[in-house]
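Shared between the two complexes below is chain A, which pairs with chain B and chain C, respectively.
This part shows the complex of A and B:
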């Protein structure tokens, strides 16, 4: 996969967590599983721990934890929760189930 | 505070709730010191009640006056809007933000942008608030309005447990917090937040009655401390928020024996010659045009003449108009305005509700600190509220003014009509001195009369006086009480003229009689004179007769001698007359 195609239909995802809580860990696991299933090779996941960098919570308007933000492709999408409901995550990320 | 009469055990060092002053005039009095320190307070009310302003005032005062930095978590307004909005109250939030005394964080939540997929908590919010608090060492926090969360997120169960946790967490952080919430239908808050914030709940209210709205505040609950339980009106104006507590719980004013002149010498005379009591309340009732304002203006004038301050609350006329009108009775009020002794406070009665008027008056009295106030007329405020409210408002105003020793003069339009009688009764019972001004029609003219209906604690004239206004001011004339009853105006003048004519007539009669007597006296004197002359002439006659008699006697004796001599010549040389007689 090229950088250009990544730009076009790649998924740039950010997961905001607050420490290693069960919910955070579950969210990350769920997200990884989903992406592997539906977006193999077309995604990047950045995990941001607000405990380490609390100022980012204000900058990125985070209220609930965990929060998943789809940076790319535009527009920006937000999904909160431990992502256990895969269907909703897919709807939230605008991914048609394959 | 008053101590109770009951015997009680005095215990030292009881834990008391520390309080955080809000710096809002009146609220700190109602809550006996402020909000519970280190605990959250719930501030609820419908939209437009001033919740945000209240909360911001709390933060602002904390940052400026108490060196307690504050955090404002705004769910509803953008920081820029917020700063602009409170800028109208002359709060310079931007400067405080620069000085790191206030942090404003806007939390944006839009349900459309958020998909919920599974279990979550609000740690993000906690982190943000915590970060904001730590960044400036905040002691005060405002969360405005946290219920927006319920609109932005679906999972109510999570929200509720998280809110409970949030309030506990705020407590553990030791910050004094205000949580604002929308008023619900029949409940204090729409989402029942009062369940979680249990320490102090303050309710704001904005009620409209007769198209006039009045803001009110009530401390619904304040755990662990005494607090005022009533509804207190408050106002928001360019100087911030003022809550107006009923200051005096009992009737414990100092009663002054000092007197203040009424400004009208003749009226002073009716009041033991010394005027009203200082700090008392005076009611002047009268119909339109009976001279209420003129009496009030004289009072204000005399206060200023004594070098003291006076506020004239003009509710019907503009200050310029009053100044102009009072020139016609020889009062120059402008000079006192120029010297800052007299302040006119003119506002339309229906500008806002009764309570707001009251609060505004309180503020002005506190600010200007006058020796006397005039409210002209208080009856026009009746349009601004229900009659019962006017009563309670006047009561509160009188209470407040008395507690400050301010002499208060109220005028009341409309004497004697059934419509105002009850209101008058209500107000009049509160006042110490009540002057009635009539405008009586007799003989095709209206004449002003003044009557001192009551004046507590002093001897006062019971007489109706005729009330005359001229370019020299007010004069009170004793009315004419004659066989035809009380006469005033031209009837009095006519009667007086008649009296004068009668008097002249009487005088003339007396003079005539005097002249007559004088004439008769002179007559008699003349007669006496004549008689005296007569007498004298009679007496002269008598004398003459006597003399003649004596002469005749002499002659007779001489004759006898001569005769004797003629008979005997023995004693020839006895009489020198002899030769003459002999010659005969």
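This part shows the complex of A and C:
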């Protein structure tokens, strides 16, 4: 995928975690599975550990952990929790179930 | 932009609901709250379980202190380090854990050294890291303790190893350390030079093939096969077995083989230390010393025999005790002068001219009364003593009765080489002395001259009492049939 097509079709996701808490680990695992299933080759995931730098919470106004932010495509969307309900995540990210 | 703003405006309400719902659902395990120093992460119950496991499993001791310095949490490693249970530790003061100085939190986040007091009363060196943290509005201190005894022990072992290595490097003997199987684990620099190939890892017998120096020790070495020799060297003490190395480079060199056990802390033998000391020079010096002592013995005996003989000879021909005394002293003086010459020339020999000058110095050789003439001749050491005594006799006689007893008397000594330079013919001619009557031998030291020339110079002496003075002709061989280094025999009797 080229940078241009990524800009057009790609999902740029940011997951806020707190170290290795069980829900953080679960959220990352669920997200990866979901992306591989529905967005193969069309996504990037940035994991931000707030345990290492709590100040980063201010950037996306995070209040609960884990929280997923969809940066691209716009508009910005957020999903709070461990992403265990795949259907709700797909809806939240505007991804049509395939 | 307007759409985004609308979403942002709508977001807080939705997000608050969503957050509450997520917490209610149990799908989040941490929340971000605004603390005095910025956002803070607050764990919900169970979220820190992995950290607990990690902290419990870590190899450092870890503990948490409250604001008063009381212990509120310890991990299992800290219990092991102190030898106390968690129940005994929680609630105690931090200070009570240590002997001596209390560790302090360092501004550079570095660790500081301290002595941890153990339950059995012993102290354990530890490295302490501390940091204060605000946790949910209260101040706590997190502490880790690293057991430094292992590190120290490793440092000690490394130091000891370096120490031992430097001793090995400096050793002037070949020193090798053998493991119990006879293989070399360490070798000194000298050992590496002696060995046929790199010694470490090899069997001793492969690198240092030995032959015993003496027959009895050959038996000692033969009792062992090659394998059992390695075994024996590695396990049994050896003291001073003289050996040679079966190596062309080391032929003619002697070594002293010694070995003793190498013990560990528990006093168990874990191998042996074997040394090969090069004693070649020592042996050579010992042999030379033995030879010199024997030589000295021989010479002293010879001198005593000479003195005894000269005394007997002088006694038989002396009419009175004062006469004996004078004659004997003179002869012994001649022996002494001859010995001085031999010592100064290191028993190599002396030129005939030089011998004449030295021996005849008391009789005016430098005053023109005694002149000498002849080709250069080097006299072997064995000739020096007898010839000195003969010259002494002739000069004494001349000064008593012959040419040197008269003011105008002279002695001419001349010589020629005969028989292809193998023989010397020396003529002692006196003129200007008192006239000699026919057959006037008059107690002349002829017996001594005759015997000395015959027995010690292996030649002949012809003494002619001419009316104008004595003519003494000595003919003797310059080169001996035997070895030239041989000690001169008795002046009057064959050795």
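Methods note: the second predicted complex is superposed on the first by the 98 of 98 C-alpha atoms of A that agree within 3 Å, B and C clash if a C-alpha of one lies under 4 Å from a C-alpha of the other, contacts with A are read in each partner's own complex, and residues count from 1 in each chain.
Throughout what follows, a contact is a pair of C-beta atoms (placed from the backbone, for glycine too) under 8 Å apart; a residue touches a chain by one contact, two chains touch by 3 or more.
Computed from a predicted structure; not experimentally measured.
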Contacts for A:20 in the overlay, against chain B (first) and chain C (second): which applies, first, second, both or neither?
second
Touching A:64, do we find chain B (first), chain C (second), both, or neither?
both
On the A-aligned overlay, A:42 touches which partner chain: chain B = first, chain C = second, or both, or neither?
neither
A:54 in the overlay: touching chain B, chain C, both, or neither? Say first, second, both or neither.
both
Is A:80 contacted by the first partner chain B, the second partner chain C, both or neither?
both
Go through the superposed model and pick first if A:32 touches only chain B, second if only chain C, both, or neither.
neither
Winner on chain A touched-residue count between chain B and chain C: chain B
Residues of chain A contacting chain B in one complex and chain C in the other
18, 21, 23, 50-51, 54-55, 57-58, 62-67, 76, 78, 80-82, 84
Contact residues on chain A for chain C in the complex?
18-24, 50-51, 54-55, 57-58, 62-67, 74-76, 78, 80-82, 84
Complex interface listing, chain A residues touching chain B
16, 18, 21, 23, 26-27, 30, 50-51, 54-55, 57-58, 61-67, 76-86, 88-89, 91-92
Over in the complex, which chain B residues touch chain A? Could you list them?
105, 107-109, 113-125, 127-128, 130-132, 149, 152-153
Given the complex, residues on chain C that touch chain A span 3-4, 7, 11, 15, 18-19, 22-23, 25, 27-32, 38-41, 43, 46-51
